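A short write-up of the structure that comes next.
Labels run A, B, C, D, E and F following the written order; every chain starts at residue 1.
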Amino acid sequence: MGKVVTLGEIMLRLSSDAGIRIAQSENFSVHFGGGEANVAISLANYGHQVTFASKVPANGVGEAVKKHLNRYNVDTSDLLFGGPRLGTYYLETGIGERAANVVYDRAGSSFAMMETIEWDSEKLFAGVDIFHISGITPALSDSWKKQTLILIKAAKQAGCKISFDINYRGKLWSKAEAGKTIREILPYVDYCSAGKLDAQHFFEISSYDSELAAKDNLYCYKKMQEKYPNVSVFYSTKRKVYSASVNALTGTLWANGNYYESKCHQIDPIVDRVGGGDAFAGGVLHGLLNKDNYQKVIDFATAASALKHTVHGDCNQFSQEEVESFLALETGKIIR
Amino acid sequence: MGKVVTLGEIMLRLSSDAGIRIAQSENFSVHFGGGEANVAISLANYGHQVTFASKVPANGVGEAVKKHLNRYNVDTSDLLFGGPRLGTYYLETGIGERAANVVYDRAGSSFAMMETIEWDSEKLFAGVDIFHISGITPALSDSWKKQTLILIKAAKQAGCKISFDINYRGKLWSKAEAGKTIREILPYVDYCSAGKLDAQHFFEISSYDSELAAKDNLYCYKKMQEKYPNVSVFYSTKRKVYSASVNALTGTLWANGNYYESKCHQIDPIVDRVGGGDAFAGGVLHGLLNKDNYQKVIDFATAASALKHTVHGDCNQFSQEEVESFLALETGKIIR
Amino acid sequence: MGKVVTLGEIMLRLSSDAGIRIAQSENFSVHFGGGEANVAISLANYGHQVTFASKVPANGVGEAVKKHLNRYNVDTSDLLFGGPRLGTYYLETGIGERAANVVYDRAGSSFAMMETIEWDSEKLFAGVDIFHISGITPALSDSWKKQTLILIKAAKQAGCKISFDINYRGKLWSKAEAGKTIREILPYVDYCSAGKLDAQHFFEISSYDSELAAKDNLYCYKKMQEKYPNVSVFYSTKRKVYSASVNALTGTLWANGNYYESKCHQIDPIVDRVGGGDAFAGGVLHGLLNKDNYQKVIDFATAASALKHTVHGDCNQFSQEEVESFLALETGKIIR
Amino acid sequence: MGKVVTLGEIMLRLSSDAGIRIAQSENFSVHFGGGEANVAISLANYGHQVTFASKVPANGVGEAVKKHLNRYNVDTSDLLFGGPRLGTYYLETGIGERAANVVYDRAGSSFAMMETIEWDSEKLFAGVDIFHISGITPALSDSWKKQTLILIKAAKQAGCKISFDINYRGKLWSKAEAGKTIREILPYVDYCSAGKLDAQHFFEISSYDSELAAKDNLYCYKKMQEKYPNVSVFYSTKRKVYSASVNALTGTLWANGNYYESKCHQIDPIVDRVGGGDAFAGGVLHGLLNKDNYQKVIDFATAASALKHTVHGDCNQFSQEEVESFLALETGKIIR
Amino acid sequence: MGKVVTLGEIMLRLSSDAGIRIAQSENFSVHFGGGEANVAISLANYGHQVTFASKVPANGVGEAVKKHLNRYNVDTSDLLFGGPRLGTYYLETGIGERAANVVYDRAGSSFAMMETIEWDSEKLFAGVDIFHISGITPALSDSWKKQTLILIKAAKQAGCKISFDINYRGKLWSKAEAGKTIREILPYVDYCSAGKLDAQHFFEISSYDSELAAKDNLYCYKKMQEKYPNVSVFYSTKRKVYSASVNALTGTLWANGNYYESKCHQIDPIVDRVGGGDAFAGGVLHGLLNKDNYQKVIDFATAASALKHTVHGDCNQFSQEEVESFLALETGKIIR
Amino acid sequence: MGKVVTLGEIMLRLSSDAGIRIAQSENFSVHFGGGEANVAISLANYGHQVTFASKVPANGVGEAVKKHLNRYNVDTSDLLFGGPRLGTYYLETGIGERAANVVYDRAGSSFAMMETIEWDSEKLFAGVDIFHISGITPALSDSWKKQTLILIKAAKQAGCKISFDINYRGKLWSKAEAGKTIREILPYVDYCSAGKLDAQHFFEISSYDSELAAKDNLYCYKKMQEKYPNVSVFYSTKRKVYSASVNALTGTLWANGNYYESKCHQIDPIVDRVGGGDAFAGGVLHGLLNKDNYQKVIDFATAASALKHTVHGDCNQFSQEEVESFLALETGKIIR
């Protein structure tokens, strides 16, 4: 089993019940999530030794974050307590033609307001196999733009593989700003979650034929690889959105000059889509830590993501054995 | 923005949870609804100044009705308090092949028992653009049969446009009785919600070709228009019922001798179908008050109705901006 | 109306909410079920006089079982109180590609631990038309292996028709063990619920062509009939599992050398699949007691089973009139 | 064990949660109750053979009533189906200084609208030990005023003991009207639930000293006994209302010229007070059927009533053994 | 009836269920509150024409605030939409010895961030009888320190009575800062909610005898009156905290040189204490608008506050009639 | 901070809601608990490094146990997976005069069925300060009777302090059996939770004066100390049960020949009493690890236990800081 550190912001999610709007809701269900935290939980579920580093307020809400992570056996020794608040977002689940609606209230959070690196990098990365971080972190502040790169370099030097999920959010920064930072980070990255839109927005790679989606992915990976030969694995999902309740999901991966694709999962109905991408990333990193062959890596990761869509909350709830038996079993047959 | 008065009965709806029958239910969720009240809320959501006139008992249940309407900014100065009770109905939500089941307990309500018009018509209709009423009201009692016509004439004289939703309910009166009353009302109507079945039942218009549903609607509108040239807009939806969970919905409208049709909305899954027609009527009246072109009127109204199907309760929960962005956006994409 | 005795184990079912795993559940909903108890409730719903004989612990949990059965008007005079515990199982509802997951905790139950027949057989079977029992009972213990046959013989002698549902559960006994016992029981059986897999596992009947499922059923019934000419009716469902949320269900029945098939019900979405087979068996026995023609028997039973899939809990919640009106009505149309 | 018939109206109770007003409630919990139905359930819990005769609408709500009664093993063969509706009331639970608030919506119910006796009295009362009825029934209509007396006479003639609970409700009839009817009924009554206020309102018995409550009860019983020597047992509770959450309850009983009093139960906190009096009456009738000594009768009945206050819903949920062990055990000690 | 404007911040309250800590909560119930908003709702409940002026974000959470206020018929034409976020706080209800715990997350709210007065003061105060504001508003920012005084002066000039609730919160500003601002405001105030602690902290009035609490209040009012002869009414509650579940509450008021005191309400159990003071202030202002005699004013206000403690949420839920009947009725008697 | 190992059975608790009986419950809330597990969580909350050793089934229910412990940062590396089932118990919460009711279904659990010690004792106890175990473990089987002593000796040898909670349960073994085993264990014990009843039942120490409860405790401790001079600390609570909702709780402790007593906590109302004793034991062990003076130890422990009574579930939910601030603060004052 591997040793992994993920670092980033974790937020409180307040969701109204299905069929109830935020503006009329008499109660919200409580979940916690963030790309790096979700990946941490996935990997801990699979038996890896995982630390999630972040900062949360020193109150009951911050304590709830700690309990959430501990529940899934994620190490919280590097979860710092202090600062003003926990970033929050409100989720109104989509149904059928109606898309989900997210209201962000994340500004001024304890994590976003960090001005310096409050961890001892040497200690943090000692003996760690993978350091995972996403493009949301440098988007949070000028300070985090610098610190992200410093942390990545420190991890690299400590011998970690660097896993980076581009995860571009237009509400946080412009494509120009993001591109500049991402291009500074990429030379240090080993495993990169990046899709066609990323290729187009940040690396000036236009897919040549919008009709042939599968070939597009292959083409974009190849071109990104040319620009960043240091990246050993690129991966992303192709998602066909029939409605907010029905999606089709295929995983794709590029490694050693080869392109791999999972079977296409028909997700009908979707219980909760948030965190589906993180479950996919967690599955890929597990496969890489496990040194599985790449076809197995992408099959496992896509199955993990499909399973995530069937449970409430941002994080994966399935063990390695459960994902594998899901891959092996006939669809939807009762287990008894 | 326009000024609108709607008048009619509003009922308490007690619903069991999905998958639970009325006869085994340990709790009922509480909603309030009625055609005219639902239309009032839709129009208030779109920013119009709307009054709902009705009568409810002077107790906590009547007070709940007032709070429900106020919540959506509907003026309740003409909501009278008194009389014996609030009409009630029980709803067992349909699922898949199993249809919804409605148990009515509406007899003897404060509204149905009204013997005279207790509002000052002159004050009620002063400066009002549209007076909206439905065919349920005259069905409630002999007294209401007379009063409905008196109210419509008073509104007409006060300069209101008359909006009438035929809304035939076989449990309340026979087709013969209904037809007689409806034919007395129609000469005063400006905007009429009426479909193929209404054309057939009350105006002796048989659609010539049951296979060509779209053409049927056009044909029926044309024929009704010939009988009632005073009506400037006819409208209704075509609903294809695949199951209680999946419907396809298309809006149709006839105005100035032209026929308009919206795109077909695939509603899958349906959260709550009750009030879907009222959301449609509310959308049409909004478009007419806004003087939108007729294609936009029918597109907006049908989108509003489709959205209503995705939320619990009898009334629409979406603003003009939300309906319009729903029309513009790609189906089911998460908004964040 | 007929008089029926069913006898078997009834268990507590603890289910997590949809989209919530057992391992994270903060509450479980409570249902009670077991093949014979579920059949008893179905038949009581249809107006028959039904006794369910079993044994439950003498505490609040046992009392809950009694209240559950009484609620549906099942006679509990032969529900014994005593012994160590009520068998329990945990259900994690399946959704889409993810199958339901069942965790059994049934060992050592008051029923399974019964060493002798604690009822007065003569009294139990007096005037009874049908005695219904399943293949789960002899699987519970060596003692029950013997007692099951003794009870069946006693019922036969008292003039009851014997109804037997093979209901093989691999977790309880091996195919070899089961086959031996089942083959001892079959010579006494009048109505037998048995499908293709049963034919293959216990009677060495291999379907000749896996592509032609319908024909397979016919073939298997014919072959089983040859072995057990005493059985007057064989029946089972064909279930096509598209996913845990969508199944297609067709009922099949063999009687007097003829094969009958219901229409195919598309069940989308499934609310709760557990007990679907028992609702089917209950429907068949009702039709037989009613002396309906066989086509009506299989149509009614399959409709009853399809309806069961739309409600939570192990037992059927529909009266004879409701099943019949479901058969007659157009799919999913609101009843009001 | 005895055989008992109770007859009267049963209503749907819709309660808001504690701390939530009716006018703001988003869901109501569902209970069913009525004096005679509650007494029926108490007696069935104690093992007697009890029939509840009433009339409910032939729909899911009426079916729910049947299931409610069956659940507690009350015989519903004489529960008639038909008529317009089930009487309903809304309950807002009292807390501390704030009293409970009840909104009635009971007019026009299937039971109240009965114009003739629809049961075969001879069959209904055959072999019955006690016929229990309350003063609410004659208050419901002129027709019921007559029928109540006819039923009581028929039961008397059939050899039943007549149990009558005066249960005066000022919202249903005036004291004058009630007094006239009650005085017609009393000569046929064997067991009578009547307190000081009843003595004062209907029998012109003024308590001589309001300070000495205990003596008052004794005095009133003595005087009522003088007027109606046919009554063998009078009983009622003395309730000291400290607040809606805390009451002290003492049972009192008069028989054979002797006065009996239970210990005083401090009920703190009250979970649900509705039905407390019916649980008391049920306890008294059980003791009388059991031929317990009068001190035991009143101790058991008061304990049963105190226990009822600790559970939600109108009806008692405790067996004879549980009431007796409650009497025997030390207050509030955990049983494990 | 009067016309009132209240202005201030309104916040989202997220509460865990009783007996569940914030850090373990799986859902939060949603309420909205703030001193001035709560007073607005109380007064609207009593039939006054009330406007609440504030600023909330232009999203579903802000829309929820509007719906909350509208529900109670508070005019929201002066509720502005814009700015970053809605202030939030988390509430862990106290029970017995354990006090309630509040976690604030209110910094950076749309209201607190307002730099200029965005209302047209002239229009806002036209025809208004009372302008109510609290000491929380000037504590929110330097800008609000200035604007509060400007608004008060504008209201005074427009002929409004100025109602000011000192409401000191030590988490927002120091006593020194607060005292300076409060002393600038007081010369414009007509009705002032201020207690012994306020007298001591901000006006250098030490109560002479801590044992004689009642006399203290009188003494403090007299001294404050000497300093601010412009104030016509001072009022506050005396609260004896036995535990988080039990308090005793007495209202006190000073007017025209006389001291008035309500009866002492024993509040046992407390359902929700938050907003109790605002319900009291709302009751006082109602009495003053109604020109009730001062004893009635303080009796009504204290009863209103006691009732508020029996319902969930920050705002009062009782009408004038209900408060008056609560005053008149015997404690805790069921109303039916 | 200390290092602690606790070892014992952990069970699933299924509770009905307050005011709802087990026999009528439609859902159960889920908690996990056991004396040693609860002590482990308390100590982990206070920042100690705690391992809980036990055995649970390898399914979703066992996984839920692991997640429960991890949530509170208890190390589960020594939580074994395997065996037949998790012991279960049903809890019906007591209210007022009605005591709580517990239905056990614990026989045959994975832990109780362990035949050998499956941990490596040397590794388990390495560097451990305290090994905590209770008298429930040897009561579970003959095998556990032996293993308990073996484990205690191994821990002793490894240098651990032995903490033993007698925790006698009459449903599991007789006083004679228990006494024999307990007397074998006591010579190895350092910290012993034992009260007056234990003294009487197992050590033939009769308290000399039942009126002077406080002195009794002192007397019993002294006498037990004489018998077991190796025990350095004896402790227990005195609980006065006014009702199931109100208890008074005082902690007592004996060390170095001195007797210490906490203040008396009035617990009103009790939310959940289960685990109150374990919270007390956890508080004592924390104080001992912290080398607090004995008065502080007993004050802290009793406060921790009082707080536990105000939250749902078996385990303590408060940190060291929270318990200390509870000790320091005025009762029930809101913290904001």
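Here, contacts are C-beta pairs under 8 Å (C-beta built on N, C-alpha and C of every residue); 3 or more make two chains touch, one makes a residue touch a chain.
Owing to the predicted nature of the structure, the values given are computational and were not obtained by experimental measurement.
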item	value
Other chains in touch with both chain A and chain F	C, E
Relative orientation of copies chain C and chain D, as a Cα rotation angle in degrees, nearest 5	180
For chain A paired with chain C, centre-to-centre distance based on mean C-alpha positions, whole Å	45
Interchain centroid distance [CA atoms averaged], chain B/chain E, Å	41
Multi-partner residues of chain D (at least 2 other chains)	21, 23-24, 26, 67, 101, 269
Chain contact topology (line, ring, star, complete or other)	other
Interchain contacts, given as pairs of chains that touch	A-B, A-C, A-E, A-F, B-C, B-D, B-E, C-D, C-F, D-E, D-F, E-F
Interface residues, chain B side, partner chain E - complex	66-67, 70-73, 76
Of chain A, residues touching chain B in the complex	18-21, 23-24, 94-102, 104, 169, 171, 241-246, 269, 273
Residues on chain E engaged by chain D in the complex (per definition of touch)	265-272, 306-307, 309-312, 317, 326, 329-336
Of chain D, residues touching chain B in the complex	14, 21-30, 57, 59-61, 63-64, 67, 84-86, 88, 90, 92, 101, 103, 105, 107-108
